[in-house]
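Paired with chain B in one complex and with chain C in the other, chain A is shared by the two complexes that follow.
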Partner chain A sequence: MKQEHSFRQFVLALAVGTALSATTASAAITDQDIADDAKTTADVVSYGLGLQGQRFSPLDKLNTDTVKNLTPAYVLSYGDEKQRGQEAQPLVANGKIFTTASYSRVFAVDAKTGEELWQYDHRLPEGIMPCCDVVNRGGALYDNLFIFATLDAQLVALDQETGKVVWKEKMEDFKAGYSNTAAPIVVKGKVITGVSGGEFGIVGKVEARDAKTGKLVWSRPTVEGHMGTLDGKDNGITGETNKSWPGDLWKTGGAATWLGGTYDAETDSLFFGTGNPSPWNSHLRPGDNLYSSSVLAINPDDGKIKWHYQWTPHDGWDFDGVNEFIPFDLKKEDGTVIKAGGHADRNGFFYVLDRTNGKLINATPFVNQITWAKGIDLKTGRPEYIDDNRPGKPGEGADKGTSVFSAPSFLGGKNWMPMAYNPNTELFYVPANEWGMDIWNEPISYKKGAAYLGAGFTIKPLNEDYIGALRAVDPKTGKIVWEAKNKAPLWGGVLTTAGNLVFTGTPEGYLKAFDAKTGAELWKFQTGSGVVGIPVTWEQDGEQFVAVPSGWGGAVPLWGGEVAKSVKHLNQGGSLWVFKLPKTS
Partner chain B sequence: MFRHGRWLLLCLLCQSAGAAEPDPLNSPQWGAMHSRFLKSEPYVFDDNVKVDAPADAEDSLNVPVAFDASALSGIQEIVVVSDLNPLPHVLNFRPKTVPASLAFRMKLQQGSPIRVAAKTADGVWHVGSTYVNAAGGGCTLPSVGTSSGDWSKTLGQVSANVWERAENNRLRIRVMHPMDTGLASGIPDFYIENLNVKDAQGNLLAELDLYEPISENPMLSLDVGKVTTFKLEGRDNNGNKIAAEVAR
Partner chain C sequence: MNVTTVFAAAFACCLLANPAHADLENVKTKGTLSASLYKDFPPYSFVKDGKQQGIDVALAEAIAQKLGVKSEVRLVTPSDEKLEDDLRNNVWKGHYLGGGVTDMMLHMPYDNAYSAKVDQVKFIAPYQLEQVVFAFDTNKVGKQPTLANFTSAAIGAEIDTLSDFYLLEAMQGKISNNVRHFPNLTLAVEALKKGDIAGIMGPRGELEGILAERPEHIQIQRLITPGLARDSWAMGVAVKAEYADLATAIDNAMAELVRDGTVKQIFEQHKLTYAPPAVPPTATTTTPAATTAQK
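Take a look at the complex of A and B:
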């Protein structure tokens, strides 16, 4: 759609001179552009390459035969001393690349030359409290705006042409531990966001604002007992107060929506994952602790919860539950198609749900060792816990409960880095990690703005030779079709294409391309620092491009325990790498 | 042919505008200031625009400057620039119902002319100038608020005073803001972009566009006729809003 459009303008431009290039440059991003993003190849206007977040591109110029000719086109250094984890997904529209960077920065780049067009540095106060590095995962395009969230929990809309602030809204009080690192999404003119801060006893929520003005439309807390709003009026309590939480603990219950969400037009549902219940010490909060460590299907018009599925009821390991829920068509052997969704949880299981009602279809391990549950009961949808593997309750007067060894670790079988689904191979590509942890509980009480864990831990690799493993998971069977091991833990997002390719980065600095069917490594390029960003691809002037941010950081070097051995030598960076397949090849 | 004709036209304009009028301060940057901030429009050096500043900057971070162009009528906009500052653009002032007079404090990186250009209804800029000597360093230092980390506690807070006087009441405003220039290493630019002064009924008295060289916690004084109650509205380059009401 977009591609044809710009081609037509190109022809016109030839006829009447260059006067039209100005109108091309300022084409506003519409709801239709966003709805079509997964199909259009000349732009990337949403986080996930389409709101379903499949991260699949229909482009096939770059394929298993041609990928060897993929070459660097240009690189932009983010400069400054702020070289921390670069976890963003770039966006591409109207000849510009937009990407966020560590410390709440934004860069706009000329997609032809790689020259910086503008840079926005958000001024951060001294007291910000991001738990796990000063990252940002990307922005959203709408109309003439680039919208992104900041570490001090503000939502900022910049003019795509100039980088000037058009509107700015405070999402929450950073002094209470709120922050924001996820990419917003825009659904039907509304910008939808979550919040971070689950380690500080905040209350998670999903919110919708008018994307053109920033005005709040609805707010939906993710912990039962809290009141939602619509157009400034009460809109019903989330769940039922005290049904799955004792006493007052729901008031500081966590369930942060820190990774944003996906949207499925077929069922008109937002899918937002929720984080760990607060505090980590689960003995303080008997019950399921809804809606922590869950996925919520939310009506985008009014913020009402349609259904939920809880991955880890009564989470005691910080398994969290925010990982993306990706809608896809599950083709059964009898030819029927189920509107399903796939999710690889930190708890080590790969889940397939019916996305129309949240019913569990299948749950299978995607990591080699799971200690906390024997499996997920397909009838009840609940885990079959191994009770001995829950870290013990600190005894009366003791400063520590019994320590247990648990796998996966709290950094998860898979963490924030988004997987991809390829409808041609019908496989999910999951950036998995094999690690466990010693974890024990400690007494804790809530104090505003202070860490609220009540637990101690140390992370341990499970194997000598690798932690990371990119795995192709068949959602029909749960079988792992292939894997590509990596010494350091994988921490970057995945992209797959109709060219039968899978792209992802490694902390060792490589962007790599794999055969989507066999897992054979076909191409790699050393970017100079760890790649923990998310690759994208698009077509420009008849050539296929790939872009990925490079810059080592994120949670691993901060929390990594013994894992530090495989990552401590990795150097920081901060740059946007862009590659292309030249026409001649 | 067409292009040739346009050049001719431009040249004619130049002559009629008196571009050849020599800069009384003989600054190497005046030509650049004229094309960049006055859009190469016609100008005259005019003593009716009085610019008052100390001969030597005793504090390069806070150089007091006052101007008065109220001898001219029909002023559309006033632009203040400082030729040799790394960031020359200081402020724009658009008086709507108040006299064309303002006092403020600014940062100077080195000795420089300070220009106050007032555009009258006929499209001509009337330029007043003065020269301030400075030891330097005003623009490349981090603000006190940023160095101490305290800026976020007071950001956007307004204090003000009104003095009743026979001719014109006097309004003094101070807005807490680091006004970082972006030239100090690792500290991005962060400054108030605009500030509107209104009366209690919301009628616009004057508009101000501020830029990086304005001193930290900007202090602005202006003559305000008989008005005694004010509303201030503004925003910085991060979108943080400034809103305050001032009563005598």
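Take a look at the complex of A and C:
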């Protein structure tokens, strides 16, 4: 009943608020604003609540004691029939909330009243073939602009006041299979993006453009042998041509940078993860296939690669290596501090690297079952493969006799959804999933009307009662300090705060808050559709707010099998939920 | 097996069925038979001079004519993963981005083992046997090359196809360094004509169609492909499983078109050797040795 009551209050507030609200002149977002985003509490101007992507807020009004009073403030419905996965992280500045939505849409909302200020519907051409739902993960703010990438691989800058297009740049040809769903970041006046796309024929890259004009500054391909550019001129080849690929496969090597990246000012490095190599079957491409399934440290000024670390050399499981690499200070027992970075890979290992040079410090499982490797050798930094558990050659096992069970499944111990790091608890909060897959060669398969050597797979939950598990990982030891299980797979991002809280959403529709030290569930709210978006928090008129998009979708519902049992009843949606801790409480 | 008898049998069986369902009536009422065909797919379906052209476009038209309606062709982007996606997007469900389905889709496999995996669709009206062949430059590999020639000469393939995977693995990987990947066979043929590569492995229909005008030193023929479980497959039409009457009507129409020589004529107009469909081989029982023996 409390909720209903608040809702009436909200309607009243809306009426009054509209009458009183005057247009505030918006201050332009500067590089300093972005650099300080992790510390400032009145706004959220970057993906990750700061370019390091720790998703930590120093706000503590909302804490383990007060979170029970967190109340809905307003909700915005995205409207129409385009109710697909809502995976975005909202941004907040100058009294406005900006969020992207499925089908390359953007909404701007009055942060006081929840009223929509403007909506931008990107006109999508026919023939786009996004692999895994029509999602968008968020935008970037710079100057008077809101910049985001579209499913047809364009980068669009909108005026924050009006939603009108200021500039628009084609990043790649969608007809060649390219797309983009990740949130860009702005570093020193340049907007930095990756690229996503189908498996075949594409080559990943990281690019920097002048954030005010969209003009390309540098481009860095992520597969060895490809030439980078700076100011329109050649700027050196990535790696060494054909060193770790057979024949001409490097030309179409994949390694898509489809999840964007983070930036660390202390080492002045961008960290971008790369996707799996193509073709999918690893037996067709002996070698490490650099720089697929890796993280690259890149100089933001010229696009040169400083170092790389390959999570899964010769990836044969479609693990990718795109998951975020989050810079943090690793405090050792002797009091020394290492400039480190944390990463939870699809392959099931949680890695800690020295972010100044890419050297492996530690790698430990964050899921209960890993079949592809015994471990990661801390001396060499390479996996100790279990060869029998590598999926077989295409055409092999025509009698379908050679099915391999692989855990994690290709959807990963953790997928795209960003984890968070809390410098107070010194723990990472990882939205993990426990699932494996049977994978076999499919001799009777077709593609584009022609016989083909495909692979078949079924994803299987590893436990009866849960797939998802929010886990607190201690980066010093790799130990899992606590976990909170969830029946359906977790697919939403995580937020942590100085109020000793961890927020994340569930496909069952809840936004939940946990005690960051113990994992005790302290609060939850049913949003009406699955939450696969990323929560944020900020302070406004002396009250702490939390916002999260709600709308079930993403890659999970596209795959059937036994996983479907825990998600097939979930309804789609599309809305932005905003909560606040009222002053009185 | 005689193709005509197969069709005659199918025809006879279906005369006994009661043709009073809505699917065929709907097609007749709206006056059009809509077909999904692959985009940019010469010589089967493509746009040239602003006009839809190709063998599959002509076949769709011929079937529509038999049904007494107009043909309406939708050119679609193929899935980069598997045919089941194309069937879902164009035949039985529709893409989640919208656009709905069409009455039929051409260039679909006619293969019992495959049909068993896709319940939502009926595979009917086989009209062609497609085979994997080689186009090669006789100046580079002579008039009677074998696969071994390509351990020392560059060979092209469309990326992520049966031919691509076969070449990467054939002869214990000895060819893999010479495989050149192309986004489509039109570009591979350009490279062959320029002399950048010595050969191409791919489906006969596509290669013959794209190489309709070819210099004397470029030949197309089958080569022995040890270890390739399937080097030919039958093509037909796919319709939604519930469309029993429409399926029968299309099946009958195609049987007539094959029998009266229309299909052969359409292939020959596009400068293709017409190979009528045979009973599709099943990979589960075909060993590499058997494939070689067929040859």
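One rule holds in what follows: the second predicted complex is superposed on the first by the 536 of 585 C-alpha atoms of A that agree within 3 Å, B and C clash if a C-alpha of one lies under 4 Å from a C-alpha of the other, contacts with A are read in each partner's own complex, and residues count from 1 in each chain.
Assume a residue touches a chain if its C-beta (ideal position, glycine included) is under 8 Å from a C-beta of that chain, and two chains touch if they have at least 3 such contacts.
What you see is a predicted model; the values in this text were computed from it and never measured.
Of the two partner chains, chain B is the only one that A:165 touches; chain C does not reach it.
In the superposed pair of complexes, A:80 makes contact with chain B only, with no contact to chain C. Judged by the touch definition given at the top, the superposed model places A:448 against chain C, while chain B stays out of reach. Touch criterion met: A:127 reaches chain B and chain C at once.
With both structures placed on the common chain, the touch criterion links A:329 to neither chain B nor chain C.
When the shared chain is aligned, no partner comes close enough to touch A:266: not chain B, not chain C. Set against each other, chain B and chain C touch different numbers of residues in chain A, with C touching more.
In the superposition on chain A, A:377 contacts neither chain B nor chain C. On chain A, the surface patch touched by chain B in one complex and by chain C in the other comprises residues 126-127. The residues of chain C lying in touch with chain A in their complex are 38-39, 41, 77-83, 86, 96-97, 99, 107-109, 111, 113-114, 117, 130, 132, 159-162, 164-166, 168-169, 173, 176-181, 183, 203, 227-230, 233, 235, 282-284. On the side of chain A, the complex with chain B involves touching residues 80-82, 121-123, 125-127, 154, 156, 164-168. Residues 84, 124, 126-129, 134, 176-177, 198-201, 246-249, 251-252, 278-279, 281, 283-286, 393-395, 398-400, 443-454 of chain A touch chain C in their complex.
Within the complex formed with chain A, the chain B residues making contact are 149, 151-152, 180, 185-186, 188-190, 235, 237-240.
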